[in-house]
Amino acid sequence: MTEPHTRPVYRTALGASDLKTITLLGHDLAEDIMGSVGFGELAFWLATQRRPSPGETRVFEAVLAALADHGFTPTAIVTRLTYLSAPDSIQGALAAGLLGGGSRFLGVTEDTGRFLHDVLESLRGAVPSDEAGWDEVALRTVQEQRAAAKFVPGLGHHVHKAGDPRTPRLMQIATEEGLFGPHLSLFAAIGRVHPDVLGKTLPLNGAGVCGAALADLGLPLPLLRGFALLARAAGLIGQLAEELRHPVARDVFLSVDLNNTSVAPDPFTPDPLEEGRTG
Amino acid sequence: MTEPHTRPVYRTALGASDLKTITLLGHDLAEDIMGSVGFGELAFWLATQRRPSPGETRVFEAVLAALADHGFTPTAIVTRLTYLSAPDSIQGALAAGLLGGGSRFLGVTEDTGRFLHDVLESLRGAVPSDEAGWDEVALRTVQEQRAAAKFVPGLGHHVHKAGDPRTPRLMQIATEEGLFGPHLSLFAAIGRVHPDVLGKTLPLNGAGVCGAALADLGLPLPLLRGFALLARAAGLIGQLAEELRHPVARDVFLSVDLNNTSVAPDPFTPDPLEEGRTG
Amino acid sequence: MTEPHTRPVYRTALGASDLKTITLLGHDLAEDIMGSVGFGELAFWLATQRRPSPGETRVFEAVLAALADHGFTPTAIVTRLTYLSAPDSIQGALAAGLLGGGSRFLGVTEDTGRFLHDVLESLRGAVPSDEAGWDEVALRTVQEQRAAAKFVPGLGHHVHKAGDPRTPRLMQIATEEGLFGPHLSLFAAIGRVHPDVLGKTLPLNGAGVCGAALADLGLPLPLLRGFALLARAAGLIGQLAEELRHPVARDVFLSVDLNNTSVAPDPFTPDPLEEGRTG
Amino acid sequence: MTEPHTRPVYRTALGASDLKTITLLGHDLAEDIMGSVGFGELAFWLATQRRPSPGETRVFEAVLAALADHGFTPTAIVTRLTYLSAPDSIQGALAAGLLGGGSRFLGVTEDTGRFLHDVLESLRGAVPSDEAGWDEVALRTVQEQRAAAKFVPGLGHHVHKAGDPRTPRLMQIATEEGLFGPHLSLFAAIGRVHPDVLGKTLPLNGAGVCGAALADLGLPLPLLRGFALLARAAGLIGQLAEELRHPVARDVFLSVDLNNTSVAPDPFTPDPLEEGRTG
């Protein structure tokens, strides 16, 4: 029932092992990585297959710290409720929380990084060399978004209306490490010029500046959300650890369940296709 | 870089297709299944690779109905919160909700089915033929659990203290279809005899009777939880559909977030190993 | 540390219970639903809060059958591998499989339903009343997609190049039940006219016709993918049941692991922004 | 429809924010954590609510490095296949992979930590102070496991039969940092004495030594698996990054799909209860 055929080949530069050795990214895991490579550094290395410099690691870890935990976010509540319901599966509680890392709550980082990158690419190499030049690009960018009735990703915050403290701090760290590149430059310029266009001053939010910083680090844009998820994984383990000792999930569940009000069904029928006939 | 080797073979009796035909479980999907096999019937068939009788299908679908939705359970809240946070991924919201289907909330069905089955197997074929015989087995069973300081799965309910309405109904349906087998017989007997042992009357709960009925249907015990999850998948799609039109997730989230109180860290250190020294 | 405040209210028409009764969708679960409502019918009812007619149920269940299982799809392999790796968590194996229900493999159903609906809405009520009228709309639709270098969702199949057997069968069932509505009409017309525009004949695929049929049933468009996921949940439980008795996951894992080839890291750096300068 | 009631209070020491400040674990996130706390250090801090020493961080990060990626494990394959099937949802691909972090593949770390801890607790404070004392405890432990026909968690490896290189390295790092505590002592002793009991020499595996080291760090035992999952999250992002540039998932999928063989259904019926009658 079997027959000769061509053996498939699956290539990877990540983990590999033989009888005596385990390698990771071409290095001896035990001798060259364990004990000398930090976890943030390793995560960067795994994602890019190049070892980051100490400065890159510092900026990267500052981003991860900025995104690790924001208290009782939907992701945190979901992880705690899932643990309440299925305490036999830590991996399920963690996975459930991460599944909230989509477009609305954790997506800003990726959206901002991609948005800034698209603007930069549209310059076709004519990258500004001073603040005035960046302000010009930013002004055009904000005007175009406004004309298209679109938001500028990374602009605005529902709590930190007068400024998100993570933003100047991350910019400072990136500057200290010589990693304040074009994405952060454009983002900062958007912060300076948008009030003239929008008629109000909005904060550059922390999720957005993280996206700009990750893009300046040269990390793959399709995975920016992945780094936000990695940071959140650490935060969710913190949430689980706290839930184990000081549980709130049962109270959250009961606050919903006990305030439940049964209402009559509201049968759904789609809008009729004829609706537009008057148009 | 490739070389001849033995081709692997992966066998399945489920879906298969060639240029003109699609088969499922050895039948022509389009001609023999679509339009004539109901969804509950198909789910049973897929899980057992045998087509259920109409009576088996009726009992099975009654179980699925009993387990589909219980209002604002943790699973329902989780699905709604995940949709709030990541509306781009319906599959993520559904998966997150199902991950709560673990030992505590959806596990009773499986636990009860397995527990009853273990008792039945311990009879080594001496299966009672009348109610008095079942009462004797049940009495011994409840006594042994009590002696071991263990609960009897499926016994007790935090709301339906005077009786879970699903229990007599499912027993009635199983009786009507000639499918009231040993698991349901033992479960019913436990309901009759436990007050004498425990000194109080507890209801046989709906999740438990579903486990007994699924076991009497001959479904694989390691998958009983899977059927609870299938039922819940339909319920969670209902929750999502309602959330789209009458959202509550944002209110749930805010009720937690706005009532958050920041407290000082409570550093964790494990209990010292010396603790037992006095023992 | 607590203070009076306004009690939140969470409304639902789905499951509710009190001491003696459990209701679902405003009906007594035990008396009115268990034993008389099939699982497909119930899933439809939960999603729309209206009870479907027998004809609607038949079309709906035909769709679910069409989508339940396609053999060793990525979702099936993922569920089996996750079970291999974490056999303690059936819910994790099921959830992992469903997470593959995204844009590429299970998304066609939703994409097709939405696409057809958008075209129908653009008619602003001028819905054709005969086949010639539909052909005209379909011709324009295919031409516009081609001009925009876009695919027509639901058109084409990598195996069933000469026709997907589910398509005529589902159209036949919908016709029998008087539920062959505008979405199916437009889809069928696309099947008739596209060769003239594209210069080749492609099959109308099963996932696509399912999307058209679900849209004609008046189900909520943002949840069409949800029904594909529900169908697949039944299929994945079938995959798990087969894996328990006739496992293949370990062989799949080893076929990858044993054919792994370690390669040198390929350091990632993003394309330089200057690239476009020559443009 | 609302009424006064007691406001719920949800306490957390993790993230909190007001108009101007964001705190994490009681510290100013921007000023005190970003730029000065590494990611591994932060993850430890979040899980225990106490800041680890540099030595604790080094051991912890060595563990995370040891567990981050092992090439084409089921978790890695699952993440890649889920991305193939649903490229719109990075969070889904990551979550699906983590769901494989259950009892079999990632559970050894937790199982070993718990097992060693149980043995240590059973000593009721009589913790050995030299190698001979540990050998005695270890000998009794291995003998008891053997008598009970149970494995010793952390002992044995399917590839590194002559020794897992991570084990001596992690022991060395823990020794250097003064963190070679009772769990590692007992584990090392098991390595020394088991051949006398079992009649063969098995390696102390890397997952096991990681569990011992995490337990010696005083991390919460119920979350040991959580740290393995955190490490794996970084590895899975590496897998995704590689899949984006050098994909293998489609080949894996096709290698299964194209080698699929359709077989006849194998109807499942449970073993008859009468089977034991002869007993």
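Chains here go by letter, A, B, C and D, matching the order in which they are written, and residues are numbered from 1 within each.
The rule is simple: a contact is a pair of C-beta atoms (placed from the backbone, for glycine too) under 8 Å apart; a residue touches a chain by one contact, two chains touch by 3 or more.
Because the structure is a prediction, the values reported are computed rather than measured.
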| item | value |
| --- | --- |
| Neighbouring chains shared between subunit A and subunit D, ordered by label | B, C |
| Most distant chain from subunit B by Cα centroid | A |
| Homomeric contact subunit B-subunit D: same or different residue positions, threshold half | same |
| Distance from the mean Cα position of subunit D to that of subunit C, given in whole angstrom | 36 |
| Whole-Å separation of chain centres (CA-atom averages), subunit A against subunit C | 28 |
| Euclidean distance of C-alpha centroids - subunit B vs subunit C, Å | 25 |
| Touching two or more other chains - residues of subunit C | 1, 7-13, 16, 47-49, 71-72, 86, 88-89, 91-92, 95-96, 99-102, 106, 220, 241, 246, 248, 252, 255-256, 260-261, 266, 268 |
| Contact footprint of subunit B on subunit D as seen in their complex | 7-13, 16, 23, 25-26, 47-50, 86, 88-89, 91-92, 95, 99, 120-121, 123-127, 182, 218, 220-221, 255-256, 259-270, 273-279 |
| Contact footprint of subunit D on subunit A as seen in their complex | 1, 8, 10-22, 24, 28-31, 33-35, 37-40, 42-43, 46-49, 58, 60-62, 64-66, 68-72, 76, 89-92, 94-96, 98-102, 106, 159-166, 168-170, 172-173, 176, 206, 220, 222-223, 225-227, 229-231, 233-235, 237-242, 244, 246, 248, 251-252, 255, 261 |
| Contact set on subunit C toward subunit D in their complex | 1-9, 71-75, 77-78, 81-82, 84-89, 92-93, 95-96, 99-107, 241, 245-246, 248-249, 252-253, 255-257, 260, 266, 268 |
